[in-house]
Structures are given as structure tokens and as C-alpha cells.
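In what follows, chain A forms one complex with chain B and a second complex with chain C.
Entry: the complex of A and B
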């Protein structure tokens, strides 16, 4: 790498901040009082966070989002890894067809299943439950496809040596494939988590009970019901918005490079 | 015997979830789309193609198709043009370019609802960021989201802001795959910067452009969250994109038959586009490993 040009670095930081300014300003605004915001005074308060978390139930929504996204990620990555292992390592009747059906889900727009899934879960009595939020999101064709490609790159001799020693397929998967696929599994897990965290349309139709709102639904409702009456209470809404953004933002900053690499691989292969 | 069964046990969970929540719903939608039902009545009579006929006869369907098409036609070139222009300046792995890439990519992992809320404030008529700037410059205070001529533009800007980073990352991957020798050769021939861009860069990133083109058209036909949060399709249907109409018919009016018919139409449209995509990628994209 060449030595960095300090002017260029400064300029690109400035451009990045300008690009992100709406969000940055919204975070700043969340520390203002409504009065100060409308009159242009400057204050610093954590009041909006207190109200969002207490009065407007965002602590509960945060917990709901963590439960739903967390479980979807764990279950989704498990299901995808199991299938990816079979697709990568076994030749079996119908295997190609099933792999094709998995890849084809990438082309199927999710909206075709909106009404039928709603009806299925209503019939099973699972609307307004965590299970209803989680079940339709578990299968992830992209993760299964991606992991299958990755596993195929792991030398098969490793599996064979283990089978010689009497290992079962499950041990091979757990002791050899999973440890060696850790970067791919991690980036897919993050991908699933972010997608589910930001999911809006499904929780919107599947949940009516306020106790089960995810952050996305809670935030959209808070903005629409307009607690300021007449004037929107922007500082309060922005505090709620910041709570909604923050967990994913932190996760993203921790593993940015992995995720970007994963997304690029998926797109150009 | 057990050995033969092993792979089936491994793929079974995924197959069951895909079948129940992806493939069966397609058939179910087809079935529901030829019935009349509102969730409440005990039976759902078969009505043939009436739901489709009603849709095709309604102005809201054509309006929605038109709005969605306009959205796609305006936003896709904007996204791709901006992304390529920016990406071609951020190809090199230096600290400044990595920082800027990170900033530009951030919105694509940020909650869309948050983005919609934040931009509702940016484009609020009073106390909004945009009008604070414009009125400061003496340019007036447009009623962005209440103005039928401007509201769709606001959604296009918000969607572009959100997706730009993704497009840039993909373009950078495409640009980095172009062999440096080609640029060196162009430099030896004394090619001007713009010329090199047009004659070397543009044709060689064409596969990436095709890919992004189809991806972003498909994406444009699925836009929902920003519409639902920012405008709910208004004012006067000016931003009533297809998935928003589907949501309103299915889950606000509870007209399951007509909603399913619309879902089927949207499905056929998007799958056609997706097949087009895989054709294009199959035939035109050759990435070296």
C-alpha cells in the first residue's frame, strides 16, 4: 500500500459524513427535547430514550427482535449447513432436483407466499406467536447454495480419512466441515441476522398483539400514530430509530469485511 | 441401508421448510386467485378468472403498474450511473477509498424502516432538513411527500441512497477483475481518461452492469417498506407501487381472491425477469476464478 494522502483521507471522510448526514443528524436529534428542536435551542437529554424504552415499550420490542432474529439465524444456519453438506458431498437420487429447487427459491419473490403463509399459520393457530414470526423465515436458499459452494472447495480426502477411522457423516460434518467453513458460516449467519432484523412486511401481517412487535413494527407504528399530536415528536421518534439501527450497526462494524466479501462472492459467482 | 438414507436426512429439514413456505404457497395462491373470499365466510366459491378481470378493469391496478414502472425506469439508471462513477474512483485499496466505501455501504445493512422514518423527517415540509437548506437559499418550501409530482421522486432518492453502497461494492468487484495490462496498454497509446473509461472500462464491466440492471429492476418491483411507512401509496395514488397495492387489497380490504390474483401477476412478472437474469448471466458473464 502506498503512503496515504492526508488530504484525500480527510476529503473522503468528509464525503462519507455528508452522505450519512441524515442518519447522523437523527442520532443527534434524539438527544434534544422536542421544545429545543422546534425552537432551535441546544440541550442534551436522555429523556427520549427513557420514554421510548419505558412508555413506548421499545425495551420489549428490542427483546422481541433479538429473540426472533437470533432464533431465525441459529435455526436457519443449521438447516442450511446440513443441506449444504449433503449437496456438496453425497450423490443421491433426487439430489440434483432438490438442489435445483433450493437455488430456484432465489428467483421466487417472497410476496407470492404472503397470503398463503398467513392462512397456514392462522390455521395452525400460530399468528401472534414467536413461532409464527420465525418459521417462514428459516429456509434460506442463498445460504444453502453459498455454503454448498464453499464446502465443495474443502478437500474430500479429509472426509475420507475420517470415514476410514469409522466416523459417521454427522461427526465429519461437525469435526471437519464446520470448523473449516467457519468464515462462510459466519458471514451467512450475519447475512441472515441482518435480513431478519430488518424484515418488515411479514411481522406487519403476522403480528397484531403489541407485546410481539419487533423493533421495525414498533418504530413504524410510533412514527405513524404521531404521539406529538399534530406536530411529530421527532426527537422521540429518532431515539426509537437509533435503538432500531444500533445493534446491527455494531455487528456490521465488527465484521464489515467478511460480510462485504460474502455479498460480493454471492453476486459475481 | 442407513448409509443410503443419510443424505436425505440431512436435506430433509430444508426441503420441508421450502416446500411448506415457498412452493406450496405458489399453488395455494393460484387456487385462491380463482376464488372469492374475505377470511370470514365459511366457504370460498370458485369464480373463475373474475378476480383477474376485475384487476385488469380497475384503474388502480394500471396506476400501480405504471407507478412501479416509472420508479424502475427512473431509479435504475440513476443508481447504476452513480454507482459506476463512484466505484471507478474507489477501486484502489487505499485507506480513504476503504473508509468511503464503508460509509456508502452502511445504509444497505440499516433498517429500512429507520431509513424511511429519518427521510420522512429530511423531506418534512416544516422543520425538515431539505427545506431548511432550500429555504435558506431562498428556494421555497416544497411539500415533498404531499405533492403528487414530487413524492415518487422522494422515494426514488431514498431507495437510491439505500442501495447505492451495494451497487458500488459489486461494481468494485467487477472493476478489480479487469486486468491492469489493458489500462497500461491504453496509457501507452496515450488514451485520455474519459476515453479509457468509455473504451476499456465500460465494455469490460458490462456483465456486472447487466447483473445489477436486472437485480435492481426486480428490486424496484418489490419495494414496499418505504412506501408503507412514508406515503402509504399516496398522495392520490402517486406512489402506490405494486406490493403496496397487494398489501392494501389483501390485508386492509381482506379481499383474498383479488390479492392473490395480483400476487400471481407480480410473480409471473418477476420470475420472467429472474429467468432473463440467469440467461444473461449464463451467457454474458465470464469471471475468472
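Entry: the complex of A and C
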């Protein structure tokens, strides 16, 4: 690390505070009572969290979000890694076409596939199920594309050495490619997780049962079920919001150290 | 122990030129084969074909008597040392060496013991827990050797395994490899640029050029009876001298030949000798230890001669260079092929002069 430059430090702290200010403000607000807040006084309470979790069912939504985003991440990263390995390392009939199609999906706005997905799942009887929430999100063209580029940067001689050592293609993937792609895979997993966590439209379309609501749906509903026309219970909404962002924040902190770039080289002279 | 047969192998990389033209060779079980040739002549490609990492466009590869063209690398029971090492960067030296054993289901304790044994042989004991990134080039090269040696396979393919070592270590490793070959009785196919390595290690040497096999024979035969000018010039240090045959003093033989004179068949005289000799002047002299390497200009062209170190040699001007007629090689000017004149070589010279 370079010696600290006081001007740079001040500027970064200022910028950090600026970006964080809405979040900090909402967290601050979530600990106040509504009455006090609207009259400009300060009264601290944990009530908002209690109400969000109990009365408004956010505990259930949190579990749903964790199940859905967790499974989408695990399944999605698995599918993307397998596809990326195939695209990066094997030439097979239609391979280029399939890769082209994968890249092309990046250009299709998700709203266009909304209706076809809905109809498909309706036919399969998967609306209002976890599977209905999870399945459409598993295929992630961007992750497959990104990982393929990354894997192409790993010297192919390593695969070949492993084959000479007696490895099968899946062994090569699991023992050589995956460990060397860990930073990329961690980044993509985080990306998939956050995208799915923040997904609003699809859960809204695919799920009607309140038991299957994710946090995003629950949060949106909070405005409507709030009593008092035009007078939203903001501290309650902010408590719910805080519950919604917290897991992502924790997840990021857990994964962050894996995001460090650069494979330890020294494999090839 | 298994032999390898290559029959009319042709290989063209997609969108590239043909790298191997109709190469046919047979390696007997337990033989030490060395492949030499200039950079880009297709040596690595040939090894990769035997390993199963590339597919031949035409021809047949047989391993242990069975057609192997369609066999996957992991099914060929061949160990390979790559030109660029290809060590697993995320594994320690120990894991690198033991990986192949692990994949073959050897229990952990046993493969650890084997890895340590191999590491000891290669003087890598101190580095067992290091990652490749923390090793020097020579150390990496030894790990690559160790990875191949750990498995007791019947065939080793080595692509310039010693190219990055310092001289002392190279000589030591050369002995080690020779010893390994003697112990295991494995077939070794060894690619190198270094002709000392080629001549000293090989049971048989294959010389390649531009994807064509030039000659495949015992080292003595390659050195003493090279098939053509290319083979003659590729092996031998300092390199062979070529001069037009009719510039040899006393030459009365046929036209259109080039004489090949290895520096060690030339003798330097300070006085004009009785035998036919070329008059020459020293252009440059190099000390090589016990010997002197003299670069001389003669009417027939530039000649390089090795001679024992004697000061008066350097002062002589002009000096005289005679040659051993029996060991002089002759090549056809047009085809470059060696021409056998042995039977009548003396009759075409007027030794009286």
C-alpha cells in the first residue's frame, strides 16, 4: 500500500458517506417510532422490526428469498460453469452457434421473456411453487459468457497435463479449472445472488400465494397494506428495507476476499 | 513396456501449413529415442500426437501393438513432460507430483511417500510444500520431471526437459534420466535442441526438418554416415565444414560434389606437409580449454579446425590444413544426399600432386 494521502483519504470518505447516506438514513429512521418521526421528535424503538417480522410476515419472506436466491445461485453457477468449460475447451458441432445464442440472450430484455416463461410454467403447473420461482432464473447467459472468457485465459497445457495424469474432463473441470477460476466464479455467484435477490417482476408474476412472497414483493405490498391513506408508516417500511438489504451485505462481506483478482501464476514459463 | 509404431503420420493444424509429412518410425520397447531438429520442425507436435493430445490427419499410431489413433490421452499409459512445464499453479510441489497417483486411486500415505521419494531424487525435498510460483525455472522443470516420474509408466515423452537448467544440473539430470531409463526399462521419447544430449542419451536419434524425417539411426551412424547435408550440419560441434570437392587439392573425381570436413578430421601443420593440404590463414582463434578453435580462410573457403593448444600455431602464416580422406563425407550438390565414394576414394586423388 502507498503511504496515505490526506486529500485522497478525505475525498474517499466523503464519497463513501455520500453513497451510503440514503442507506444510513433509512437505517436511522427504522429505529424511530412513527409518531415521533412525523412530529419531528426523536424516540428510539425496536418495534418496527418486531412488527415487520411478526405482523407483516417478513420472517417468512426472508426465508423465501434465501431459499430462492440461494438455489438460483448454486444451480445457476453450476450450469454456467459447465457451459463455460464446454464453450472454452471443446469444439463440437453447433458449439459456435450455441455460444452465439448464449451471448445473444444478453441483448434480450428480460421483460420480453416474461409472458413466454409465464405460459410455459403455467402449462407445467409450476406457478405458485418454489420451482416456478427458481427455474427460469437458472440459465444466466452473462455468467456463462464471463466464465468462458475467464477459462480461456487459463493455459490449456494445464488441462493437457491433467489428462496425461489420468484425469477425465470432469476431473479437469473440478480439480483444475474450478480452483483456478475461483475469483471469477465467486464474482459471478455474487452477481447472480444479488440479481435474484432484487428480482421483483418475476416473483410478482409467478406467485400469488402470500406464503411464497419474497422480500421484494413483501416490501412493495407494505405500502398498500399500510393504514391511513397517503400516510405511509415510513419507519416500518425502512425496518423492512433494512431486513431486505442486510443479507446481501453480509453475503458480500463473506465473498469479498475471494474476489481478489489474478490467478497465482507460475504454471507456465 | 510397450513399443510405439508411427505409420505415415500426417498432421495439419486447422488453417495452418502441414506440420508433419508422412512420418514413419518404430520405437522398440525400452528404447531411448531422441528427436532433434530446428525450431518449428514439428517435434512437439509429434510428441503430442503420441500422447493423444492431437489427432493425426492420416496415418496410424500403434502403442503396444494396438491401434491407438482414437485412444484418449488418459487411456494411453504415457507420462509427458511439457516444454512449458504446465505445473498446476494452485497445488504444492507435493500435490503436483502426487496428482497422477491420486487419480489412479493410490492411498494418500503411499502417494505422499512416493512423492517424497521422487522429490528427493530431484533434490526438491526443501520445496515440497511450495507452490510453483515460488520456484525458479530450473526447480519448476524438475517438478515437471517428478510429476512424470512418480507414475511408473511404460512410456515417457519429454519435450526439452532440461532446457532451463544450468550446466552442472543439466549434466547431473542427464545422468539421472539415463539411470532412470536403465532402472525402469521404459520407452523414452526425448526432444531436444542440444546435440550433446542427443548423441549421449540416445539409443537411436531421429533428425527432423520441416516436418520430414531426415534420418533415424544410432548416434554413431548419424554422426559418421549422415543421410544428407542437413543431418551432417545439424549434428556436430563445432559444425562441419563444407567446401566444393573439386577445390580439395589433388581432386580428380566427379563434378558436382560437396565435401564435408568435420573439424576433428582436419590437421593443422605449420610447414607444408607431404600429404595434400590446403594453404590457409587464421582469421579468428577461440580458446575452448585444452583445444584451440581456429577459423581459417583458405582458397576453398572458410574452414573451422580444432587443434591442441600450441602457441606457435597462432604465429604461423600461412599454415597448412590436411584432412583424413577416409572420414571425409561427400554430398551431391543438387539433392544434398550423401554420396558413397568409399571404395574408390583414393583412386580419385592424385596423391602425388
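The rule is short, and it goes like this: the second predicted complex is superposed on the first by the 230 of 269 C-alpha atoms of A that agree within 3 Å, B and C clash if a C-alpha of one lies under 4 Å from a C-alpha of the other, contacts with A are read in each partner's own complex, and residues count from 1 in each chain.
Note that contacts are C-beta pairs under 8 Å (C-beta built on N, C-alpha and C of every residue); 3 or more make two chains touch, one makes a residue touch a chain.
In this text the structure is predicted, and so the values were computed from the model without any measurement.
Look at A:80: by the touch rule set out above, it reaches chain B but stays clear of chain C.
Of the two partner chains, chain B is the only one touched by A:95; chain C is not. Within the superposed three-chain model, A:161 lies in touch with chain C and out of touch with chain B [touch as defined at top]. In the superposition on chain A, contact of A:255 is made with neither chain B nor chain C. More residues of chain A are touched by B (comparison of chain B with chain C). Judged by the touch definition given at the top, the superposed model places A:37 against chain B, while chain C stays out of reach. Contacts of chain A with chain B, set against its contacts with chain C after fitting on chain A, overlap at residues 263-264, 267-269. Residues 4, 6-8, 10-11, 13-15, 17-18, 20-26, 28-29, 32, 93-97, 99-100, 102-107, 109-122, 124, 127, 129, 161, 166, 169-170, 173-174, 177, 208, 211, 215, 218, 221-222, 224-225, 228-229, 243, 246-247, 250-251, 256, 259-260, 263-264, 266-267, 270-271, 274-275, 277-278, 285, 287 of chain B touch chain A in their complex.
On chain A, the positions that touch chain C within their shared complex are 155, 157-158, 160-168, 171, 175-176, 179-180, 263-269. Those residues of chain A lying in contact with chain B across their complex are 1-2, 4-5, 8-9, 11-13, 15-17, 19-23, 25-26, 29, 37-38, 78-80, 82-83, 85-87, 90, 92, 95, 98, 101-102, 105-120, 135-136, 138-139, 141, 144, 169, 194, 197-198, 200-201, 204-205, 215-216, 219-220, 223-224, 232, 234, 237-238, 241, 244-245, 248-249, 252, 256, 259-260, 263-264, 267-269.
Of all residues in chain C, only 51-53, 72-74, 78-80, 82, 84-90, 99-100, 103-104, 131-135, 137, 140, 147, 151, 164 touch chain A in the complex they form.
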